[in-house]
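Reading through the structure tokens given below for one structure.
Per-chain numbering from 1; labels A, B, C and D assigned in written order.
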Amino acid sequence: MNFLSLFVLIPILMMAGLAIARDMKQIRTVAVAFSTLQLGLAIYTVLKYLAERAAGNAEEMLFQASTMWYEPLNIHYAVGVDGISVTMLLLTAIIVFAGVFASWKIEPLSKEFFLWLTLLSIGVYGFFISIDLFTMFMFYEVALIPMYLLIGVWGSGKKNYSAMKLTLMLMGGSALLMLGILGIYYHSAPEGAPLTMNILEIAGNNAIPHDWQYFLFPLTFVGFGILGAMFPFHTWSPDGHASAPTAVSMLHAGVLMKLGGYGCFRVAIYLMPFAAQELSWIFLILTGISVVYGAFSACVQTDLKYINAYSSVSHCGLVLFAILMLNNTAMTGAVMQMLSHGLMTALFFALIGMIYGRTHTRDIREMGGLMQIMPFLSVCYVIAGLASLGLPGLSGFVAEMTIFVGSFQHTDMFHRVFTIVACCSIVITAVYILRVVGKLLYGAVQNEHHRELTDATWWERLSAVTLIVCVAAIGCFPGWISNLISNSLNAIVERLS
Amino acid sequence: MEYTVFILLLPLAMFLLLGLLDSKLKPRVAGILGTLGMTVCTALAYFTAYQFFTQPRNAEGVIPSVTPYNYEWLRFTEHLHIDLGIYLDPISVMMLVVITTVSLMVHIYSLGYMHGEKGFQRYYAFLSLFSMSMLGLVVATNIFQMYIFWELVGVSSYLLIGFYYTKPAAIAASKKAFIVTRFADLGFLIGILILSFFTKTFDFATLTATPTAIITETAGATFLGCSVASWALALIFMGGAGKSAMFPLHIWLPDAMEGPTPVSALIHAATMVVAGVYLVARLFPVYCVTPEVLELITTVGAITALYAAIVACVQTDIKRVLAFSTISQIAFMIVALGVANDTDLHEGLGYMASMFHLFTHAMFKALLFLGAGAIIHAVHSNEMSEMGGLRKYMPITHITFLIACLAIAGIPPFSGFFSKDEILTAVMHKSTFWGIWMTVVAGLTAFYMFRLYFRIFWWKNTDCSHHTPHEAPLTMTLPLIFLALVTCVAGFIPFGELVSVNGQPYHIHLDWSVATTSIIVAVCAISLAAWLYLKENKKPTAMADATRTLHTAAYRRFYIDEIYLFVTHKIIFKCICAPIAWFDRHIIDGTMDMFANVTQWVSARIKGLQSGYIQSYVWILLMGTLLIAAITICCLL
Amino acid sequence: MDFSQYSLIWEYMQPELLLLVATILLFFVDLFASPRFLDKWFSGIACVLLAAVTAISCIPGGETHTLFGGMFISTPMTTAMKLVLNIGTILVLLQAHSWVNSEACKVRRGEFYELMFFTLFGMYLMISSGHFLIFFIGLETASLPIAALVAFNKQGGDSYESGAKYLFNAVFSSAIFLMGISFMYAMSGSLYFEDIALNAANNTALFVVALAFIISGIGFKLSLVPFHLWTADVYQGGPTAVTAYLSVISKGAAAFAFLWVLFKTFSPSPELWQGILYVLIILTITLGNLFAIRQKDLKRFLAFSSISQAGYIMLGVMANSAQGLTALVYYILVYIFSNLAAFGVIASIENKTGKVSMDDYNGLYQTNPKLSLAMMLAMFSLAGIPPFAGFFSKFFIFASAVNSGYYILVLIALLNTIISLFYYLLVVKAMFINPNDNPIETVKTNCYGRTGLVICVAGILVLGIASCVYGYLSGLSLTVGI
Amino acid sequence: MEIPMIYYIVLSLVMFFAGVYGFITRKNMLMMLISIELMLNAVDINFAVFNRFLFPGQMEGMVFAIFAIAIAAAETAIAIAIIINIFRHIRNIDADNLDDMKY
């Protein structure tokens, strides 16, 4: 039994534990215990992975295991990780951990909330560990559907509309995806050879005909791109995030949107390099648009969550943008951006949730001078803001710089010009971040009732500090993680060239 | 000289310590700690300078530059990687001295000035952060490290300007400062990208060692008619212009005066704002291969110098006056760099001069600001109208301020005279037009500085009825005195021996023709100022009325800020952001909703199919069958 | 005629014969046992009998048998299909218990079960027919009793209307079906599937007309658009148990038989019927969904959902391959479990409170968490959400269609799944999200109903994860040799 | 003299579509039932005729016709039962009254 399967097993046990938990106390105990365990497992995985690599294990994927599942279609339950997936696993574990604390006082039906949250995390973990298209896709959808109830039941605002829209749009994505995957499967092997769902084998066979790649690449890329909030399929994100409860926004923006980026190059680009080369320019334009577009529309929003959602559109657009540059550095940047954006947007949503929980409004025009009332939260918010506008020493900077430098190494003029366009986003980001910080935290207290509000409680502090520490750690010592990623990207990049 | 790394680590440690313990510490303790840290830092810097400048020169008489420490921080490609390290050469060491000195003075000064302020600890934390970033910037071994610390100084300046975060003006100012510089930094970043794409390196040593590499690499590559190399360097200069508040990116600096005065002294007079000059100086050999960019630099500098000088003449807020004088003085340095050239020592005079002026200016401008701080501290106002005749109440401030004014006006034997003279010589040598231009600016400088001086210390003999201004405490006067002394002697430092364009010693010899002219001009300007402002009278207002339009325009800074406001709010926000947001909500999102609505609509329209009558069901069934048959037959035939 | 066949008949027609025996037994029990005994045990006996029949006879063997000169064919796959149908029927019986034994119906309890068994018998014949006569007899034996069952609630509500609608539509379509067969006969001179495949000139207009008529005849039972119009009304009016039966068992049997007929009879000209089906599938799925999204009555809602599901099932037929056959049977199996879970919940709530409107379900989770969860699982499974069985069945049926190259068709079907997800989520929304001050009071289901639900839920959860089922079916379908 | 097959076919088709017409136009359920019978009998004629003329060899068609008739009888029986049931409820047997459930 491969230890990666624990990533799926532990949450299942966690669900069982939650099911038998009776009161809030026990629920919290179970949640904290298991999410900590999960975090430990993730860290262990990273260390083990690094050790293996250090030991000179040059396999593309480590800790592989594969058991036949559906014999007639040659579907396996196959797991394995490379640098990218371990990074993502770590990210997920961290955010789930922080999310548990962020939803410490969730009401009502707290048990169900954690059950659904755990189901969601099962999907995410499973997606990141599996290297079989079918299981990957299955976990992908497992991760999607709990969103509906999580938003619908525990959400706020026009939650029904948002939840339905989010679910349907993402399902639309996975509909395209299913066709794409089936198409890949039926062209996965040369004539006579057995068809396979295993990503590595498909890549090894490299048998997908070029004309089919033209058809399948857009399907898969858009399918995943919808979850990656690619223009013009991003509109689920603002409403969805605005209505979602704190922990869900954290997990969704922090991790779930990364499924999109991860899938885009693990499936779309990795398996169909030819089409990736040929068609990248189309999606480059789209993603380039969403980078700038998202930033611009964030400038005029007044709802904190909308601002953050649009900035997520912009940042995740940057991820896809970098992936499409198809060179090692840019892709490394993309993965680092996933990581950093995951952490800092989770931090953002956590803080917004905490502030909202106190002021009961997310409209920046109705708030002000929070720095005097809740200094801790405000300082954290400033840090998150600085991270997202790319302050050196925080994770955002290294990710963005890697992307920009990497993208600018592209030999094609068109790509370089687009890189410069994308660069402009850092200025716009500064504009809307500082706008929020100025309106929300500085200045005089807008609403006198806010004066008697309290600062963060210990669990909120814990949740925020965890994320800040990670953001700063990556920002200050990016070397090891960037090596970790770029080493495992070599194989993919080789296929592209 | 590995210990130099502590020059960076110490302030960083201070920042973390003070920042994390924030209110856990007593204000006093925090202040003392910060100051001590900076003292040690300064000592180290001085020791480094001593060690560096006293080391044996090599064959062609150049002081060899040292890289005591360099560690790969982040690797992009096999060529491109960000290193964090320390690169010691004459100018960086000179900057180390300047920064630590001024920073230390400000630390001490703030003990008195900021006494009892809310968030005293935070203030010192930010000061340490700034010092760390600034020091990191000057010792950068590669352009990307410089960019990193460049951003960090930007942020710490943002935090310090917005120190009084309940004051709307301060918030606005800090936001403006950050965004404008950020915009400039975008140029810097793109410049770096282009440069590194062609030269395949970030490293200063490599870049400056083979400056022509970029030309050979980018051979033929042009964009909009200019060679890519020029683009890259111009964009990089844009970054510098932003930080150094060159026209038209200067708008943030006057507003930045909303911050605490010591901060203005440290960041917006002595150190951060000269980062641009330093950047150009750092890449000077590379700039020399693209003369057109140097032309650009000269022009920008000259225009800024004149513009700022004119505006400074009519401002009534003393800190604003100083701010504009800063802009104009930095413009001097920029111009000096622009006219210089690295072919030989004499051609490179401007380079040396600008560095020299940077050094002296840092001292006396810091002195001016700290003096102004003392005055504001006493009068509780920035407005000239509130002041006048302060000389008898605060003698020390008065004397030191006068020295500084003389220095900046270019009166021998004060430091300003020597450095400015070198600059004028260099400019004159390059082109007479710019030479005269800059001399005029020098005259204006003398005028507005003494206007300021007389308005503050003479003008009217108020024996202030409501409250008597009193001399500042020792913690504040001590730095004033120290800086004043430096200002007096700095001119006699054999600067050219240490810093010159190609590192060989250069013996400063005054070009008396230039010197005398400038002195005469200055004296005239000063006496004019004295004639106008020594005693309270109506002449100034009369003159103002005489040149009403010009005066107002100058007072409103020639409406540059208004233009910016118009562009940002009216055009970018109203005409780009808002429409995009609308488009997103109504068009893109609307399309998505439309799918749903259309489905609903269709399903509502076709419900009649399910009429509930057996016969219609049967009818449809039959027709369906026959239709299928018919269509299929048609397809077959 | 030779009597040597009788032993063979007994051996090969075991399921049918045993089912008849069971029916007769049931008849006698109903006749002679005391009412109190019946109240207590009758449904139990019925279930046990059916279970026994299943256990004894419906375990697929290895080889294929034919009887009556090929009129009756029993392959492992048909036996497996019978097994599937039996499982479904048992579940229906379990759910029906509380309704059948209610005061209103208990007097006619016997008829219910006997008719039920007869229809099942009819479907057996339909499935394993090799000749249109048997097929027709099976078809009618399957559909006529259902008419009676639909009209079972003599006094209650709309039952009679549904009965009438069902019967008249059924008769009419069977007339058309017969017409089709007669043309086939005219062309081929035989009613054996094989002979027709051999002799019928498959590009004449007459052939096409016959084909269209036959498709419409069976499409009626499958409620494919445009032969579907009866479905909603009948489902809504009929007793819930019967509706459930109608929606899964008879649909499943019809689907299988349809595939059988098309494969056997029209194998020489697949492109003909595939072309027709292509259009029908798109129409069926789309219209079914479009109607479903605005339904408030849950039974009617499920009727339309079952129409679109029929469209998905047909994808397996389109594939025209062993894989398609496997996927189809598997899909039917999963569909039985999912849909019966839904109907089980509806039935148990309807029996207690008589409420079937979606609005009545608002806030159901507060009072009946277990039922709501079961319902939600059913909905997710029908919508094809992993890790529930429905996801796998959908995936495999799509895979089979894609394997035969129907990318566009599958894409359309997939896009339709979004609509279907929408309305399935509406139910979930009602139960979990919509606020309600006085939701349906807590409903206590009896042990039969509960067992039924538990089995359904277990099926939903296990069938997908446990790959053996699909593997087994695909093993069988390979023996058929399509 | 032999009547050619075509006559029978025409007859059966006429019967069939007459039945269809009646089924769709008549509101009275009994009339509809009768129309159904027409259609079924048309089919029976078809079988008989095809057998008799085209494949005189074996009796397949005839047998089928007999079964069809039997089943038609069964259908009628159930139909009548249901119609009676309907009459009990709404006191008439007009097909148009059966439209409580629609849309």
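The rule is simple: contacts are C-beta pairs under 8 Å (C-beta built on N, C-alpha and C of every residue); 3 or more make two chains touch, one makes a residue touch a chain.
Just so you know, these numbers come straight off a predicted model, no measurement behind them.
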From subunit A, the most remote chain by mean C-alpha position: D
Interface with more contacting C-beta pairs, comparing B-C to C-D: C-D
Centrality ranking, top chain (CA atoms only): A
Whole-Å gap between the CA centroids of subunit B and subunit C: 78
Distance from subunit D to subunit A - Cα centre to Cα centre, in angstrom: 65
Averaged-CA centre spacing for the pair subunit D and subunit C, given as whole angstrom: 27
Geometric centre distance via CA averages, subunit D-subunit B, whole Å: 98
Sequence positions of subunit C contacting 2 or more other chains: 164-165, 168, 172, 232-233, 422
Multi-chain contact sites of subunit B, meaning residues that touch two or more partners: 596, 607, 610, 612, 614, 618, 622
Shared interface positions of subunit A, touching two or more other chains: 168
Interchain pairs in contact, sorted by label: A-B, A-C, B-C, B-D, C-D
Residue ranges of subunit C in contact with subunit A within the complex: 323, 326, 380, 385-387, 391, 395-396, 398-399, 402-403, 407, 410-411, 414-415, 417-418, 421-422, 425, 428-429, 432-433, 467, 470-471, 474
Partner subunit B, residues of subunit A touching it in the complex: 165, 168-169, 231-232, 234-236, 239, 293, 296-297, 299-301, 328-329, 369, 371-372, 386, 389-393, 397-398, 401-402, 404-406, 408-409, 416, 419-420, 423-424, 426-427, 430-431, 434-435, 438, 441-444, 478-479, 482-483
For the subunit B and subunit C complex, residues of the former touching the latter: 596, 599-600, 602-604, 606-607, 609-610, 612, 614, 616-618, 620-626, 628-629, 632-633, 635-636
Complex contacts: residues of subunit A adjacent to subunit C: 69-73, 75, 134, 138-139, 141-142, 145, 148-149, 152-153, 159-160, 164, 167-168, 171-172, 175-176, 178-179, 182-183, 185-186, 215
List of subunit D residues in touch with subunit B within their complex: 20, 23-25, 32, 95-96, 98-103
